[in-house]
Each structure stands twice: as C-alpha cells, then as structure tokens.
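First the structure, which I've put down as structure tokens, then a few questions once you've had a look.
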Amino acid sequence: MNTTEMIEIRLNGKPHDLAAGQSVRELLESLDLHPGMVVVELNREILERDRYDEFTIGEGDTVELVHFVGGG
Amino acid sequence: MTASQTTSEAPAVQDEALEVGGHTLTSRLIVGTGKYATNEVMVDAIRASGADMVTVAVRRVDLDRTKEEGVLHHLDPKEFFLLANTAGCYTAEDAVRYARLARAAGFNEFVKLEVIGDETTLLPDVQATVDAAKTLSDEGFKVMAYTNDDLVTALRLEDAGCVAVMPLASPIGSGLGVVNPYFIREIKRRLEVPVIVDAGVGTASDACVTMEQGVDGVLMNTAIAAADDPVRMAHAMRSAVWAGRSAYLAGRMPSREIAVPSSPTAGMLD
Amino acid sequence: MTASQTTSEAPAVQDEALEVGGHTLTSRLIVGTGKYATNEVMVDAIRASGADMVTVAVRRVDLDRTKEEGVLHHLDPKEFFLLANTAGCYTAEDAVRYARLARAAGFNEFVKLEVIGDETTLLPDVQATVDAAKTLSDEGFKVMAYTNDDLVTALRLEDAGCVAVMPLASPIGSGLGVVNPYFIREIKRRLEVPVIVDAGVGTASDACVTMEQGVDGVLMNTAIAAADDPVRMAHAMRSAVWAGRSAYLAGRMPSREIAVPSSPTAGMLD
Amino acid sequence: MNTTEMIEIRLNGKPHDLAAGQSVRELLESLDLHPGMVVVELNREILERDRYDEFTIGEGDTVELVHFVGGG
Amino acid sequence: MTASQTTSEAPAVQDEALEVGGHTLTSRLIVGTGKYATNEVMVDAIRASGADMVTVAVRRVDLDRTKEEGVLHHLDPKEFFLLANTAGCYTAEDAVRYARLARAAGFNEFVKLEVIGDETTLLPDVQATVDAAKTLSDEGFKVMAYTNDDLVTALRLEDAGCVAVMPLASPIGSGLGVVNPYFIREIKRRLEVPVIVDAGVGTASDACVTMEQGVDGVLMNTAIAAADDPVRMAHAMRSAVWAGRSAYLAGRMPSREIAVPSSPTAGMLD
Amino acid sequence: MTASQTTSEAPAVQDEALEVGGHTLTSRLIVGTGKYATNEVMVDAIRASGADMVTVAVRRVDLDRTKEEGVLHHLDPKEFFLLANTAGCYTAEDAVRYARLARAAGFNEFVKLEVIGDETTLLPDVQATVDAAKTLSDEGFKVMAYTNDDLVTALRLEDAGCVAVMPLASPIGSGLGVVNPYFIREIKRRLEVPVIVDAGVGTASDACVTMEQGVDGVLMNTAIAAADDPVRMAHAMRSAVWAGRSAYLAGRMPSREIAVPSSPTAGMLD
Amino acid sequence: MNTTEMIEIRLNGKPHDLAAGQSVRELLESLDLHPGMVVVELNREILERDRYDEFTIGEGDTVELVHFVGGG
Amino acid sequence: MNTTEMIEIRLNGKPHDLAAGQSVRELLESLDLHPGMVVVELNREILERDRYDEFTIGEGDTVELVHFVGGG
C-alpha cells in the first residue's frame, strides 16, 4: 500500500506536520479541539465556524488557534 | 447573629441601572478573570463580587494542555457577559486583530480595548488607542477603552465612538487607588458616555472612593485575585462599590475644620 | 434589574459578632439620633443603617412642648439598644451626674462617656475623662469612652475599666475622616477592649477606611443626619462599614509603584 | 372657705409655683408627664421611680426633670 | 538678628548646574512674567526668585497703549534669558507660527511649547504637542514642551527632539501641587533630557516636594504672582526649590510607623 | 555657576526673630545632637543647619571612656545655646530630677521637658508632662514641653507656665511628617506662647509644610542625623524652614480645581 | 497741489488706512514703534528686521505686529 | 607602716572602692574628671560645684556623675 503525503505548516508559532489535504475541521478533530471553543485564523484571515470544512490546509500555511483565557 | 448579616437585606433605595452600549449591567462592578490561584476560587470570587460582566483575554490555545486552560470550561457564558480584552497589544493593528478574533468567538460585539505604550508601567499609548477605537467602532464593535486619566484623550475616545471610556485610577496591578481624583471627576463631568474606572484599585476603600467621584462603574482584577482571601475581598468590593455609589447619590455632608456638636447644646442642667 | 440589588444577597463569608461589655452587637455601625430634620427621617435612616445600638443625649424636659421632644416617643427601646451619652459635659463631675441620670431611666448600664475640654473643637479633656471613667466603672457602669487619638490615654481608659475605647477620626461634626490612621491602628494594636472610632467620618469611604484599619466598629451621627438624603447615606454607611471590615479580614493585595499585568504575557500571536 | 397655701420651687432652672404638700408623682401628673418617660432629680438627688409618691415637694426645692433626646 | 538672615550664607555643598539644550541655568527655578499687579512687582519678584530664565508670551502689539505693555520695557534681556511660550495655541500649526514669531524677535532658539487641548482645564493636546515638537525641532528650535504627567507622551516628546520635557504637577493656575508624584518620578526615571515640572505649584512646600522627586527643575508663575506678597513668595520659592533639591541629593531618612529615640537609652540614673 | 549659589544672597524681606522665654533665637530651626556617625559630622551638620539652639541629653558619665563622650568636648557653649532634654524619663519625678541636674550644669534655665508614656511609640504622658511643667515652672525653669497634637493638653501646658509648647508632627524618629495639620494649626491659633513642632519631620518638604501651618519653629534630630548626607540635609532643612516661614508670611494663592491661564487670553492673532 | 492716495489694510485684526507706497519701516515709524521691539508678519510671512524698508505695503495686505508680553 | 582604710560606695550604679575620707573633689580628680564638665549627685542631692571639697564621701554613699551627651 502507499504512504500518505505529509505537509508542514506553522501552527500557533511552531512547525507542525499533518497529512496533505486535511480541512480545518479535520485539523481541529485531530487536535481534539471542539470547534465551538476556538477561533481559527488561517494565513491571517479569520475563518467562520460553519465553513471549517471548506478550507483545506496547504503546505506552509500559518494557522493560529486562539481561545479565551483568564485576563483583566 | 453576625455582622455579616448586616448587609443581607435588600436596600430600599434604588439606583438606575448602568447601561453600556445598549447592554444593561446589573452591577457597577466589572471584574477580571486573571491571576487566580485556581479556577474554583476564580468562579467563587466572581460570583461573590456580584459582577455580571467579566473580562477575558485572547490567547493561543496551548496545544499541550488545552482542557485545563480555556476560561470557558469554567465560566458559563449564559451566566456572565464576557468582555474580551486586547491586553498585551502594543499597536493599534494588533489590538484590532485581537478584537476581531474575540468577536469571532461569537459572544458579543463588545471589546475592552487596551493598547499599551510602555512595558514597565503598562500605561496606554493614547494616540494608538484613539486610532484603534475609530477602526473598531467603524466595524461595529462596541469599544470600552482603557486609557490614562487625561481628559483630552477621554474626549477623543468618546468622539471615536467608544461606548465607555475607562481611565485608570493608578497603574494596572499597582493597588495605589485613585491617585488623581480631580482628573477622574473632570472626565466624568465632561463625557456623555459611561466612565468606568479601570485598574489601580487595591482595597475596598479605593473602590468606594472611586464611586464617590461620581463615575458609572469600576473594573478590577488584581485587588480581588491577589487578596489573601479573594472570595471575601470580592464580597467587600461589591459592598464598597455599592456604598460609594450610594454615598455619591446621597450627597455627603460638607467637611469643615471646625467641630459641630451632634447633641443639643440647650437643655443642660444647672 | 437595578444596581441596588447587587447587595441584596446574604454574603457567604461570616465575621464574628462584636461584643461590647457583654452585649452582642448585630452591626459594627453605631449611630447617633441628633440633628435630623424630622423624627421620621431619623427613624428611617437608623433602620436603613442596620445599627442596633443608637446614642441618645440626656436633657431637661422642655415643659412647654414635651410631647414632641422625647426621643422615646419615636424609637422603640425594644428595637434599639439605647446608649446614653454625656455630651455637653465639661467636668468629670457633670459627666458622672448625667450618666447616673441616664441609668435611672432604667434601660441599661452602658454610657457613652464624653468630657469635653474645649468648646471650639469639642476635643476631650482626657484626664477628666479617665477620672470619670474610673468613678463610673466603680459604680458598675459599662463605659464606652470618647477620646482623642492618643495611645497613652487609650491605655489609661482601658485600665480605668472602660468596656470600649472610642478614639476620634477627626473632630465631631467635621467630616474630615481618618486624619491619622497610624494612631488609630496603633491604638487597636495595643488594646484588648474593643476600639470603636467615634466622630469625624464624613462619607462612606471614610467609614470604609476606618474599618480597614482593623478597628472593631465605628460610631457616627452627622455624616448621616447632615447628608442630602440621610436614608440613602445610612444605607451607604452600612455597606461601607461591612466592606471595610471584610477587606480588612480578606487581607488586601500589596500596593507597589510598578505595574503588574493581569492578563497572561504568554500565548501572544506572532 | 379656705385657700390652698402655695409654694415656689425651682423647676428645670425656672421658678415654678404649686400647691404645698404635693408629691413628686402629683407634680408629674400636674405637668402631664408620664413617670416612665422622665427621670427626676430632687435637690441633686436622683429619685427611684417607684417612690415618687414618698417624696413631698417643699418650698425652695430644686427639681430637675430630664429625659432622652436625640444626640450623637 | 532676624530669622531672615538664616539663609544669608552661601551653602558649602555644591550641585551641578542644570543644562538645558546647551544653555546653563543658574537656578533650577524658572518663572513666568504674567498676572502681576504691576511691572515693578513683577521685576522685584523675579529678582527675588533668583531665576535667570523667565517665560514670556507672544501677543499683538496693542496699538492704543503700546508704551506700557511690552515686557521688554521692564525686563532687560541681558539680565534674563527670555523663554517665549506658545500659550493660547490650540493646534500644532498655531504653536509653530507663534514659535517662529518668537524666534524672529532675535533672542534665542528656545521655545516653551504649549498646545492646549481643552479650554476649561488647559490640559495639553498631547498628540498635537508631539507633532509641533517634531516640526520645531527640525527647524532648529530648542523645544521645552509643556505636557501632562503621562510617561508615554513624555517619551515621545523626547524622541521628537525636545531639549526638556515639562510635565504638569496639576492644572495651570490650580495651585494643587504634585497630585501624582508616582508619574512624575517615573517620567524622571525614564527620560534622558531634563524633566522640569511646569504648572500646578501653589506654595513653597509644593515646590520642595516637586524637587524631592528628583526632577531637574520647576517652572511657576501664578504661585508667585497671585500670592499676597509676591516678592516674599518668590524668596520662599527660591529657598524651597533649593531645599527640595538638596534633600533629594542628601538622601532622606527612611520613614517608619514605629518610633525611634533620638537620645541614648543607656546611661540613665537608678 | 552652580545652582547652589541660588540661595547665596541675603533675602531682602525680613521676619521678626523668634523669642522664647526671653531668649531670642536667630533661627527658627532647633536641632538635636544625637545619633550622628561621628562628632565631626554632628558639628558640621549643626553649623550647616544655621541653628543656634541645640538639644542635649543628660546621662551618666561613662567612667571607662569619658574623654570621647561628653558633647561639650565638641560643641562650644558660647557658639550654641544648649537646651537640655529629659528624654528617657517616664515619670514627672524623673523628669524633674533630670531637669535639675541639667540646670546644675550651669548654662541656662531652659529645659526641653519630655515625659514618655509609652516605650513603643515614645508618645508623651500628657498628664505627667503637665504636672512636671508646673513643678519646674514654679522652680524658675523655662520649660519647652514636648507633647502630642492635642489642643486641650497644649492649653494646659501654657497654663502651667511653659515658655513654649512643642507638639509632635508624628512619632519621634518616624519621619512621617505632619500627619495632622488641622490639630497643629488649631494649637497655633489658640496659644499665646510660641508653638514649635518637635519630632516627626523626615525630609525638607516636611519642615516646609510644618512652617506653612504658621507655627513659630521646628525641632528635629533624626531627619538630619540619619540622612545619607547629614550636612547637605542640614542645609536643606535650613532653607526649607525659611521657605515655609516665608510662604506663610507671603500668603499663598488660593488653590482651586479649575485651571486659570497665566498668559493673556487677549491679543491672539487671527 | 494733489492729495496722497490712501489704501486700506488689515492691521492686527482691524482695518487701518495709510498712504499708498509706504514701507513696513515707515508704517512702524508712523505708529511710533521701535523696529527692535516688534516682529512683523506681512500676509502670514515673517519679515527680517533689516529688510523692513524693502517691503512696500499694498491695498488689502494683512499685517500683524507682535511683541513679548508677560506670560507663564 | 599602716594601710589606708578603704570604703565602698555606689558610683554611677556600680560598686566602687576608694580610700576613706575623700572629698567629692578628690573623687573627681582620682577619676580624672574636670569638675566643670560634670554634675554630681550625692545621695540624691545635687551638689554645687564650688562646694565639692566640703563634702566627704562615706561608706555606702550613692554618687551619680552626669554630663551632657548627644540627644534630640
């Protein structure tokens, strides 16, 4: 059988490897993150929640996953 | 019976509620969610404070230990109105980016705008704050702007469309209280939008003094979170804010250097 | 919903009740009954204050218009603990005479001892106060002594048998607040009997600051009676006393000149 | 018929005339004062409430009638 | 002999002179020339102050009664260094225009830059002040900028090329003294150019406290001109500035709540 | 030229000299001789202070190392007026004994009366002080009495024959400055004999503020002796006392929350 | 003989009439102002002192004459 | 030859031995103290300087020698 092609992206400031062709939704699932709990910025553009599966992550993409933490 | 019960009955006197950007606040005390020893203490303290608006920060998900971190795992957005801040931003651009990310979380259009101008004092970059306030207001955000105690800047922020202007009492986390009541009073006197004092309160009397200046509310975090007993201090702050507000509305006696007897001078025996 | 409701729930934290001379006080706020525009306002304000101990003065019956005058026609001795004062006395002898007349009224053995040494400032004659305190304590009175903020005198009053020592925050009716917190703190630090700050409070924050010094209670009259809205101010004072007490028990954050962020510095975006 | 003999006392700092032989209780009644609401000092001595009728007021007596008024 | 002679000898200790924009100032006290009852009192007071730099305003010649008005008819430019201000200007453009007119008078390149942002408080428009400071510095002016007590603005003014940054102690003509010593200290701590506190001083102790913060100098006008006896107050200010500077250099004792005897505790008799 | 020279000329304005118990004081600053690192520094600092009255304590000769100890080996009684104190005495009897020993030294009839009531705070025993003052005055002493800031006690000390009453600004050696200016002002307002504030001054501005209350003089020791540079601080104190006195005599401007321009509002360009 | 032609200018915010062809120096002299004591702005341009006679004032010119007054 | 009789006194709070029959002046000399620099209290009585030789110190006497030291 044949191996999946892997790509490297920049995720929250660190290099991250994942299978090519994954959607943002798949990425979140792979990270065990509930879509409703995070906000996704792909290459500096904020994505709408209900369109996470429309966006496919490509080689060299920059992804930021943010959420709310305690602050003043 | 214990002294604690002396505040247990609902006061008979009423005060109009505080409305900010169309949202009605139950309490004039807004609290932060940072710097608590545990999430349990944070939640207990916030409940004790009686606040219904709480501030949160926008940060990267920590991919190693997510479950713990997110504040939404501990605070129910139905119970508390989440006011996201742009803490840690040093440019208007950054602040705008953080505000957009916060709005994308889907809770509300409000943002506590902070654009810091100096790392040591965490004092605001007032010009960048005014610029970011304009941009965000144009995008439909309801901006509550952290600023210093400069009246001219406060007026600019109001012109920029802010729904609340939030001058500091003293530097963030300093606990020095209201260092310049004259400037705070003048800002309140001149603005139409709510003035909420943000940062610098250290203990209950600071909150009380703040409200006695006539401002619409007070926002604090460290004074509660860094107290030896945060939950008890949260109670104290809630009463202090209420006390200061009531005293302002009640109209204090004039102070004078001379003494005036409180018992009748007539009717003494021979 | 209104801000007034933010103090309407019973606090979860408890504080031991204040006991003075064997009598347990529900509230750490004691109020006077003088200088009110009408008796109705007086009663409403006292109820709003949550105080259960109230001070009264001893004076001649005015034989022309008695019905009106006596405070007992308005305050129910079953609802309030009456603390008679010796206001207006300038010698130990006079004060002792007034105390005896007060006790003969048949309510209790307590007396708020006041021996004035100067008509302009209403400052106490401390030596005469100590002498009268000894005499009255020997006669079985429970003496709560009004005094200045001098530690040495406070210690003498304790030795004289007083059940409470009541230093002033500032002159009677001045509304200047706690002018010398160092002396008040030191008096509290050194005495065993309750220390209740009497006189000088002008507004809510003054009461709050007073309690933050760690004292056991505060006594006021003019700050409430001479406010534009005495009933509202009475509410404010009640919350302020509670707030200051709670903040003292909670242990305030340290204050510092440098700023400390309340939101995380880590987790910022690139 | 014969007239009552009158005496003068000092009452709350002012001269006051009353019929000779009156008790303190009678004085209070004549002044329409409820005994429970006042304290009586007769010639510098405080009287116990339940003994008001034992004391007869004589010529030149000094009587002080005091009560509680509003004070701080 | 009179107490007045107690300052009549030259102090033994020395302090380096203050240099601003290459100009050496004899005195750390700079005074204004406005609001004096008569020109004679103005000159006497300025001489008594010991100041060698004095501020003047730029105004239209009054074509009806010229002779009287011009300050140059009373102050000898050889005796005093004239620092022209841009008082009354509300835009960067106006301030630049006034500065150019002042320079054309031919005395020096220095200007006290003032761009007011609010007529009621006379607080500066900090952004316009920074803009004007850049323009004027580029034109070779030596800009001494009046500003508020905001550190971030002070840093921007230094970057803009100002030869001195002059934060207010409190609003112009208010006489409230140093309301926020923390901010003043921090500004001094962070800037390289001289920091001269401008406006707000009301009496001698205010000037003394100001200098004790470590700043390089103080500028005042109303405190002297509006005193009952301006000449005497000018003397007081001169000594107060010197006293505060010396105390700062001498290093004050630590303050503490506890007492410490100044006489030996040993060697007492039995 | 250096800033230090700005106080080097004799002021033109005059102030009547201070007379205490028939003795005329050149300076309104009285200094102590305790707690100096070396006797050389003590002498230099005292000369720098411009004081001509200095306090000394009465103690046993140390039979092991006499030569060193006695202050008379360092201070010339012809140059300085020696005011012996009764520091360390806790009863009227002890104070009287020390005063008699001091007088027997043969310099003058003056004594700085101190009767301490509490070891921790070094606050006076006011009753014992009044008693000792009576005894000593009857014996022909000229008593300058250290006391607290209580007006009634101050009046008693004047009645007891004291030639000066010396209330504290704050506890001995605390350096907290004038904590209660109201009480100090009222004491000055009411007494006929000179009022000299004794103890509590920490730095120059404290001395300046003290004199601005209108008192006749100030006595200090630790503020100078415990400064990093005692001689420089002594200079500062001398100028500060003079500055505060002059400002008091000059009559300060009123302070107000609103701003008032110091440059003309008329004559602006179009 | 013939009359001098007059022109109107704006001087320190007020209308002012003077003979045509006058130089700035002549204007100052006519106003009894010492050139060294004032600064002249002609139509928003600041003039150098030593060139006052080079500038002739024309109809409708705006002239501002300023100097130093007491200020803080 | 015969030895001098010695006595003990209390001097500045400590026991002190000296030859019997000494005057106060002699005591000061033996201690190398200049009379003008100290004040002498003998058995709680202050002595006048010019009478130091009139007072002879006896067994058990209490002598206090005081002077001025630095104080505030």
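Just a few scattered comments:
By written order: A, B, C, D, E, F, G and H. Residues from 1 in each chain.
Convention: a residue touches a chain if its C-beta (ideal position, glycine included) is under 8 Å from a C-beta of that chain, and two chains touch if they have at least 3 such contacts.
Keep in mind the model is a prediction, meaning the values are calculated, not measured.
Traced through touching neighbours, the fewest hops from chain E to chain H number 1. For the pair chain A and chain H, there is no chain touching both partners. Here E-G and B-D are compared, and the pair linked by more C-beta contacts is E-G.
Distance between chain A and chain G, defined via averaged C-alpha coordinates, is recorded as 74 Å.
Computed from the mean C-alpha positions, the centre of chain E lies at a distance of 31 Å from the centre of chain F. Centroid to centroid, with C-alpha atoms defining each point, chain A and chain D lie 97 Å apart.
A separation of 36 Å divides the Cα centre of chain B from that of chain E.
Looking at chain C, residues 32, 34-35, 57, 59-60, 85, 87, 120-121, 123, 171-172, 174, 176, 182, 186, 221-222, 257, 261-264, 267, 269 sit in touch with two or more other chains. The multi-chain contact residues of chain A, meaning those touching 2 or more other chains, are 13, 41, 64, 66, 69-72. Residues of chain E touching chain F in their complex: 1-18, 24-29, 32, 34-35, 48, 50, 57, 59-60, 62, 85, 87-88, 97-98, 120-123, 171-177, 202-205, 207-209, 212, 221-223, 225-233, 235-247, 249-269.
Every residue of chain A that touches chain C in the complex is listed here, in rising order: 13, 41, 62, 64, 66, 69-72. Taken in their complex, chain B has these residues touching chain D: 261-264, 267, 269-270. Listing the residues of chain C that touch chain F in their complex gives 117-118, 120-121, 123-127, 148, 150-153, 155, 170-171, 174, 176, 179-180, 182-183, 186, 190. Those residues of chain B that touch chain A in the complex are listed here as 32-36, 42, 55-61, 63, 66, 69-72, 82, 84-85, 87, 100-102, 104-106, 172, 199, 220-222.
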